[in-house]
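Shared between the two complexes below is subunit A, which pairs with subunit B and subunit C, respectively.
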Partner chain A sequence: MIPFLRTRILSSAVPLVCVVLGVFFLARMTGNPVDLYLPLSATPEQRAEFSAAHGFDLSIPVQLWNYLTDAAHLDFGTSLRTGRPAGEMVFDAFPVTLQLAGVTMLLAVTGAVLVGSLAAYRPNSPIDRIASLLSMTAASIPDFWFAVMGVLVFGVSLGLLPTSGTIGGPEIWVLPVATLLIRPFGVLVQVVRGSMVTALSAPYVKIARSKGATPRRVVFGHALRNAVTPVLTVAGDLAVGLVNGAVIVETIFGWPGIGKLMIDSILQRDFAVLQAAVLMTAVTIFALNILVDVCHALTDPRVRQAVPA
Partner chain B sequence: MTTTSPPTRSDADTPALDVEGLCVELSTPSGTVRAVDGVSFSVRRGRTLALLGESGCGKSMTALSVVGLLDPAAAVTGGAVRVRGDDTLRMSPAQRRRLAGPVLSIVFQDALTALNPVQPVGRQIGEPFRIHRRLSRRQAREKAIELMTRVGIPEPRQRARSYPHQFSGGMRQRLLIAMAVALAPDVLIADEPTTALDVTVQAQIMRLLRDLQDERDMAVVLITHDLAVVAQRADDVVVMYAGTVVENGPVRDVFAAPRHPYTRGLLDSVPEDSVRGRPLPAVPGSPPELSAVPAGCVFQARCPLVRERCVRERPVPRPAGEGRSAACHFSEELDRA
Partner chain C sequence: MPREETDAPEATNSPDTTDVADAAGGASAARPRRPSHWRMLGRDRAAAVGAVIIAVVALVALFGRPAIGDRARRQELDASLRPPSLDDGVYGLLGTDVLGRSMVARLVEATATTLSVAVPAVLCSLAIGSALGLWAGYHGGRRESVAMRVADVILSFPSLLIAVVVLYVFSPSALNLVLILAVTRIPVYLRTARAEAAELRSRLFVDAARTFGTPSRMIIYRHVLPIALPTLLTVATLDFCFVMLTESSLSFLGIGIQPPDVSWGLMVAQGRQYLQTAWWITVLPGLAIVLTTVSATVLAAWARIATDPAQRWRLTLPKRRRPRSAPVPPEMIP
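Showing the complex of A and B:
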């Protein structure tokens, strides 16, 4: 397992460096912050002063060098907007997103495994058809539409749930999580079902039945672990999407997460915050990918063996 | 073990497995076809019955119906499968599960796919004890190690933690057999247990099966297309063609003097005393598609004896000597041919 992890982490290092570099250059391609922050009437002297204060007057290679050395010390600079350290702002926003993503993925995977397995146990049965229809619908509903309709029906008309905000009891989670959940759940039900249908028709399932195993033992003891590989891959992919910032959900429901922070930073040319936010999500995404690979290795002994030490 | 079977077990006269008029239908995209049509046979404990036939003749379907493992696309539409006198086809799923392992058991051809690739083999072999004897994990593991020792796995204690892909083909087949005989079933069905193995390993596996059968006094149903295996290993043979039984009886008698032209054709195609440079004799043609089995005799298209009556009327199995039957209108003519 240790050599497996080492190989995996090393192979992530190169793309990670690329992301760090890419963010730096892309941010500078979005425009000059001096134009945005100073009034149109600003004199050339004022402009030069502003640039010098934030290091924009230095040549690009020097800026890059400063950015890299500071980042190596986990110093991501200061926000133009708020004057707060960029790293701090990102660390404030990220847990909000992670919580949303974590709760959503937990519910999506658990729900999809149960519904998908039930559907796969008897292909083409009424249960299977209903599950397929529902999951297809769930996978196709646009999240912004669902969010707005949710607010309209449950928030405005029925008054059951708060329309936005992060202050309150568990009810504040319902609409944001439901909005985020619906597509991953729909997609995962389909993946679980397909993968389980294959697993359940395998000879080892017949052999398990020939030993008198109950349906539950057959599904959860034998088939599921064999069916889980594609499910993990897709779930990892969906989780990446959520960690990347659920921009729409965070905006509609007023959750101050990383997605909202990134959009705001881009709109205001807040380079330091943007760089820190992108770096943070990039690291998380690499970590997620490694986690998915570790899960593959844990569930399938053949994967463990295939990786050269 | 051989003499003191408990009284609940069937006495010597009742067969351990008695299949009568079994019919299996298969739904295909182009309609329902009858894959097994009125198959009957029975086998007593300690005896071996071979189901012999070409691929697609319904022998595996028959085996899977007996153990209740047919795919959802196939369904038993008639007949009886009596185990210890009770018809398993009329049992509830829970009742059948109680038989699966302690009474009826099966070994498949491809041991790599028949073993769960993500579970250590020790756990899989111990599973029957967990299910039927309610043993703890640790006790089941000990039982698994005993069985692995019995079927000749070297260093069974260490190997119990290994996964199926870490064993050779022959070893995997041994593991599968260990699992199938774990609870000393009355009836063991072996579906082409040696087809995927090379010849020397085949002999070892057949040997192991024989020894286990003697130890545990099991009835064995051996499904095969290999005439040599039938000759060496079986007491009785059931020859199947296009989903029907065309001939059955004691192997020695059937092979000495077949009473069905298909059996005769099979025996003639064994390349025993063929002459070098001359084509091997074979049964001409190929079996009918299941969707196009003719109304009369199923073998009419390939039969050297075929005549008008065979096209009109399907022959029913009729007695053809001591403990034998054959489904041919003209089986007497074979003696002269």
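Showing the complex of A and C:
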């Protein structure tokens, strides 16, 4: 287990480093923040002073070194926009997105396992066909359009749900979670169905059946355990992709999460916040990938032993 | 899909095919030995509908723009926000937007724009990703692990975020949009192609070609690519949806297609403010996206079965199974 984890952590760390470096350079190519934050009438002295105060006058390698050493101390600089420490802004926004994503993934995986197993139990039955078509549709609906339609139907026409904001009871969660949920759910149902069809036609299922195991035990005890590996992989990828959804959902519903923070900081050339937010996301994705690998190893003993040289 | 592409896997797997065909032979009646793709498409009603929708969308994208002229941009302010009606001719069929522009014309123009981003992006990533993946998978070793690391790096970062950052560095033009979408989707093909090539490189016919001294470039092109191609094309069909959705999301966020150009995602964004008074501006382009993506998904699911020799027989069964006693024509018995 330990050598397995070590290999996985090392290989997952490469993308992390690339992202950290990539965002530093890309952010610096988006334009000079001095032009954006000072009025056109600013004197050269004022501009120089502003640059010096925020460290934009140093050479790029020095800026990079400062960025890396400060990031190691969890100091991400101050936001140009609000004057608050960037790390603090990110840590404020992060739990919002994490809650949203957590609830979504929990619902998506549970729902997909149930629906997918039901569909796979009798391939080509009416239930299977309906589930397949619905899941394909769910996976192909643009999330922003789904959100706007949800607002139109449930917010504007029926007046049942609030159209935006984070203040209120459980009803504020419905539309954002539903919007985030739809794509992962659709994709996962198809994956669960596919791998369950394979698992249910395997010899060990026949044996379990012939020994008189109940259908529920056969599906959830025998088949699901062996079908879960591809589901885990795809669920991990989808969880990474939830950041895409979070940007859209948080923009439409006005949630102060990390997706909205990133969009806003890009639009306003707020380097410090952007770097902190992307770094936070990258670390989370890194941790998520490790978690998926650990789950893999726990469910499939073959993965644990096969450590690539 | 051209026929030649599927000939190779059939040739290599012909023993399996006939076995399965034997198994299915009892239940099926009129079945040609090697069913044509049109026939198999006709058997799957959902896929047939999907294919028709995709064909219509493609035709609209190709010939729509010359047909509508400047109608998509012509403003008639006194015809602002007209609901869909049958009274105003073809162009008033689906209503007008806030500037009085015909929704029909704008949808047609948006179809062309959306496809002109999605199709080149998919083709680029398909070509580059497959070439790299086949090369990496065939050679293995260090080349393989480097290629896979690159794929991991690109994949482990949310595509929308890469697009957002890069499109701010460079201007959000259609060309940049194509490039960024192509780059973010390369890993998908790279992984698929690598897996296929890694499995194929130890096959007997590849060994034989190598023994004859065929250069590895030619082995990949002649022997590995034809077998991997159906899978890659299926992935591309599915990926087409993803690219279209990403383009729409970017346009919706205001960093994709820029006005006065129009794409489906941008139309949804523009209609958002008039949601309460003019639902059609938002609903219709969204429906266009959903219809196209669902059709492509259904078609991809069909293609996955149709190009898989082990599963193809499913599509050759008649819709309503005839009674088992129905006589099997003698030429059908292999």
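The rule we apply is simple: the second predicted complex is superposed on the first by the 304 of 309 C-alpha atoms of A that agree within 3 Å, B and C clash if a C-alpha of one lies under 4 Å from a C-alpha of the other, contacts with A are read in each partner's own complex, and residues count from 1 in each chain.
Please note the rule applied: a contact is a pair of C-beta atoms (placed from the backbone, for glycine too) under 8 Å apart; a residue touches a chain by one contact, two chains touch by 3 or more.
What you see is a predicted model, and the numbers here were worked out from it, not measured in a lab.
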Of the partners subunit B and subunit C, which touch A:61 in the superposed model: first, second, both, neither? neither
Have a look at where A:263 lands relative to subunit B and subunit C in the superposition and call it first, second, both or neither. second
With the two structures laid over each other on chain A, which partner does A:11 touch: subunit B (first), subunit C (second), both, or neither? second
Tell me which partner A:201 touches in the superposition: subunit B (first), subunit C (second), both or neither. first
Partner chain(s) touched by A:225 [first = subunit B, second = subunit C, both, neither]: first
After the superposition on A, what does A:126 contact: first (subunit B), second (subunit C), both or neither? neither
Now for A:212: first (subunit B), second (subunit C), both, or neither, which partner does it touch? first
Looking at A:145, would you say it contacts subunit B, subunit C, both, or neither? Reply first, second, both or neither. second
Under the stated touch criterion, name the partner, subunit B or subunit C, that contacts more residues in subunit A. C
If we overlay the two complexes on their shared chain A, which of subunit B and subunit C does A:299 touch? Say first, second, both or neither. first
For a test of understanding, state which residues of subunit B touch subunit A in their complex under the given definition. 64, 67-69, 71-72, 97-102, 104-106, 108, 110, 113-119, 127-128, 131-132, 163, 165, 176, 179-180
Touching residues (chain side subunit A, partner subunit B) in the complex: 122-123, 201-204, 206-214, 217, 222, 225-226, 299-302, 305
Applying the document's contact rule, which stretches of subunit C touch subunit A when the two form their complex? 46, 149, 152-153, 155-161, 164-166, 168-169, 241, 245-246, 248-249, 252-253, 265, 268-269, 272, 275-276, 279, 282-283, 285-286, 289-290, 293-294, 296-298, 301
Partner subunit C, residues of subunit A touching it in the complex: 11-12, 14-16, 18-19, 23, 26-27, 29-30, 132-133, 136-137, 139-145, 148-149, 151-152, 156, 237, 240-241, 243-244, 247-248, 251, 262-263, 266, 278, 281-282, 285-286, 289
